[in-house]
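Here come two complexes built around subunit A, the first alongside subunit B, the second alongside subunit C.
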Partner chain A sequence: MADFLNAYSIQTWLESCPQGYLQDTEYGHAAGLKEPALILENPTLREEAIGTTVQLVVGERAALAASSGLINAAPDHASKRFLATQTLDEARHVEIFTQRLYDLGVKKDELEDTIARHANPHLVRFAEILLEKVDKGDFVAGVVGQNIVLEGLAFSVFEMMQASNVELNPKFAQTLSGTIADERRHVGFGENRIGSLVRQHPEKKPEIERMQKEMAYHMLATFADRFRGQAATLEESRRITQAAGEGSPTRRVWHGTDLASAAPEELEAVLAGTVLAEFKTRLGRIGLDYQTPDRP
Partner chain B sequence: MSGELHARDHASFLAEVHSFEFWFQSVEGYLASHPYGVTPGSELPALSGTERDALAATLSTYCVGEAAALDGASGLIGFAPNRAAKIFLATQAVDEARHLEVMLHRLAELGVDPHADYESRAHASLLAFRDRLMHFVAAKDWEAALFAQNVILESMEFAAFHSHMQTADPRTAEMLAGVLKDERRHMGFGENDLGRMLARSPATRQRLRAIRQELDVLVLSTFEDSLRELGTPASERPEVGRLYLETVARLGFER
Partner chain C sequence: MTDPLLETPEFDPASGAEGDTGADTGASEDDKTRPRRRYVIEDDTGFDEVPRKYRRFYRRWAGSRDALAPNEVLCPVCRVVIRSARELRPGDRVYCMPCMSRLTVVVGEGGRLEARVEY
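What follows is the complex of A and B.
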């Protein structure tokens, strides 16, 4: 265990992250980049961007609370040190996505009201389930919930959004690239560290699997609200963008689906399918049986 | 990164100095190209067996303090009153974890197994201090926990490291110099946050004074135990304690 944890040291993190892919960035993107004028000037696009970004802030706030809360419960100092780097990664994510809300025109004294208005209740419940485990000091369940389920969700969502924005919004796409690199490291730690602990505590498996099933349900419900529930808004946003000539012809394929032309329900299906398949693979690697969630 | 810092209003100033961006710009100058806090390729100092054992014992005690600081800082995040405070404490958690890592690395250079149980060698008063700090954290008592962590513990470390630097070998002194730069930032946060509370509330001032009296005993006892173990003459031992008391007083927390 000690040898693999050397790869997750503070020194490695300093060299690869702040002194590596974040070097010369400002809030995660190249200095001087701005949100596209079309988003800032069109009320529908701006509101849609704010709604999306709020979900990212909600998820990252949960990740910050969970990773910092797990440090005290960690069974060894190498894990504590890794979780300290993850805590700062998550704090940075909170900071850069909050900054995006400000860049989109949210006033500082309106931040909390804006988040409360847009936060999806299923995403809030998803976070609460995780934080209940963290508050109890349950390290194994907490790391599975945080570094496999939450981070696995974030990883795929960020990848999909990054693919969608790489040409339309380079500032946001660059911001997402750094977070994807962070999430990859977090998921790797979860897989590598937690497998041995699951083997040491087989009695915990049923409870952890129940948690995964419940969290996965609320994740799917969030997707359903986002894609099917707001299909008209998504279609309208796409129509405005294409009418402005800022994105119509380019195919943006992610996991076999053209993100530029697929219907909202197709987008929901590819995202849900990708995340759940990743859960199954990663849970299997640490000795847990994936539990199929109910469909919202 | 964004204009003249001191020309900003107070809230905006705090948001900036407590940010990840500010932290990174602060540490980059002294951590870039300094793996484990030291100049790469610098010579390992030749130490006698006695010197080596004394340094290993001292670093082991520091590790207990840094591990407590890591648990304390990360625990504070959960009930910090605002986003800027949470983000600052996240930077502090990484700082404390780095301190633990560089000290374990120095211990390994001295031939001490970095995975050995350094806690079992810690002095009882330091462990009692840690337990008191974690009691405040578990109770989600913001003012008491922040005071114990960012004023008392940081001042204790500041006094110990500053004094140690005067006599340490060059490699250890360079490592401690980087740690001290972090500690100054942490003390500034405690001073700033609690200073505003004190300005508003005489009751808080009274309460922190009582906590300080309790914790001072543990801090001074830790110094005494450590210095006796190191063979420091009795006449020189009060110096570190005096530096600690001066540091806390300079931060605005009188006895």
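What follows is the complex of A and C.
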């Protein structure tokens, strides 16, 4: 029985989310905000923004499939009801990041091709590992994979991107703020629900820990492709932004690293280090032993 | 069944939390006897991630340089600051509404108050 969900209801979700931080928003941001002209007009920046946003759509599509798939596997009605609201949260995330692709100039009939072209194969594999558990109806492994590993990853990635964009791109930063607020509920559900279930099913720990190790490897490989593999593009995007006078003056510090000036490998290191440390802490709290992934 | 914390007419995230949980929370004898300071909680934080009537009890955390007041504790699950109408002490139980976590206040490393999740 998910006692911690006694206070949770669809009504609470309505008052917190649609009538709270999403009040008066359109696709997650204040009405009328647009992507900066510099991004829309510069092919390098636009392509870089599309590439980043595609990874968000891929991750959120996986989260939508997982959270909806877990509803029927949930052992109690309170969890089913929570997962119903999470399913709508994830569907909203898919929609707002897809809308950003349209705002960046992707045509509707080009959407799937654009996603297929930019989707990182390691992120796709990361999602497949999770969905294999969900498809088997494995609630404990599914919730760990979805609400601790995937949501923990999203929590830190969104925080880092939000900190990077708060001045450069208020529209995108606002969109990310709403998703971070959603992730608080999702990681809270993951920890609180699984904390008790892991104690009831200790025999499941080795399998779940293997899943975490494998998912973490593909997450690191995605980061490596993104930061090291595309370092030249990232540096060029930063040079263009700073030359236009929109990026150089303000330090944007996240976990001790200035996001405005750090080299791509430094950005990769701080993001990977933050996410893995979070995994270790969260898994430890619920009684799972964090497994160090291989380094790609 | 509803949450007794939310049935309380004057909700406080630390309601129903008169200290002793029986666990080792690092509470000193002084903590158990000294009167608690009271705080007026204004709705001034801009926090909008819970229903309106509870928003004043939470605020966003501004990072490691964000000094917490004696009536505040950081939720380790979702990193929102929980604010109580009274000074918090080791052993108090608090509720983080944004992530639904039930927490116990403990003395952490360096003597700072921290929250531990209770599953």
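A few notes on this one:
Everything that follows uses one rule, which is that the second predicted complex is superposed on the first by the 291 of 296 C-alpha atoms of A that agree within 3 Å, B and C clash if a C-alpha of one lies under 4 Å from a C-alpha of the other, contacts with A are read in each partner's own complex, and residues count from 1 in each chain.
What we mean here is this: a residue touches a chain if its C-beta (ideal position, glycine included) is under 8 Å from a C-beta of that chain, and two chains touch if they have at least 3 such contacts.
Just so it is clear, the model here is predicted, and its values are computed rather than measured.
By the touch criterion stated above, A:G51 is placed in contact with neither subunit B nor subunit C. Once the two complexes are laid over each other on the shared chain, residue contacts for A:Y21 go to subunit C alone; subunit B is not touched.
By the touch criterion stated above, A:R185 is placed in contact with subunit C alone, subunit B being left untouched. By the touch criterion stated above, A:I71 is placed in contact with subunit B alone, subunit C being left untouched. Once chain A of one complex is fitted onto chain A of the other, the partner contacts of A:R92 are limited to subunit B, with no touch recorded for subunit C. In the overlay built on the shared chain, the residue A:R285 is in contact with subunit C alone; subunit B does not reach it. Of the two partner chains placed around the shared chain by superposition, neither subunit B nor subunit C is touched by A:G229. Within the superposed three-chain model, A:K80 lies in touch with subunit B and out of touch with subunit C [touch as defined at top]. Residues 15 of subunit A touch subunit B in one complex and subunit C in the other. Remark: subunit A residues 4-8, 12, 15-17, 20-21, 23, 181, 184-185, 187-189, 191-192, 195-196, 199, 281-282, 285-286 touch subunit C in the complex.
Remark: subunit B residues 1, 11, 19-21, 24, 27-28, 31-32, 35-36, 67, 70-71, 74-75, 77-78, 83, 86-87, 89-91, 93-94, 96-98, 100-101, 104, 115, 134, 137 touch subunit A in the complex.
Across the interface of their complex, subunit A is touched by residues 1-3, 5-6, 48-52, 76-78, 80, 95-102, 117, 119 of subunit C.
On subunit A, the positions that touch subunit B within their shared complex are 2, 9-11, 14-15, 18-19, 22, 26-27, 64-65, 68-69, 71-72, 77, 80-81, 83-85, 87-88, 90-92, 94-95, 98, 108.
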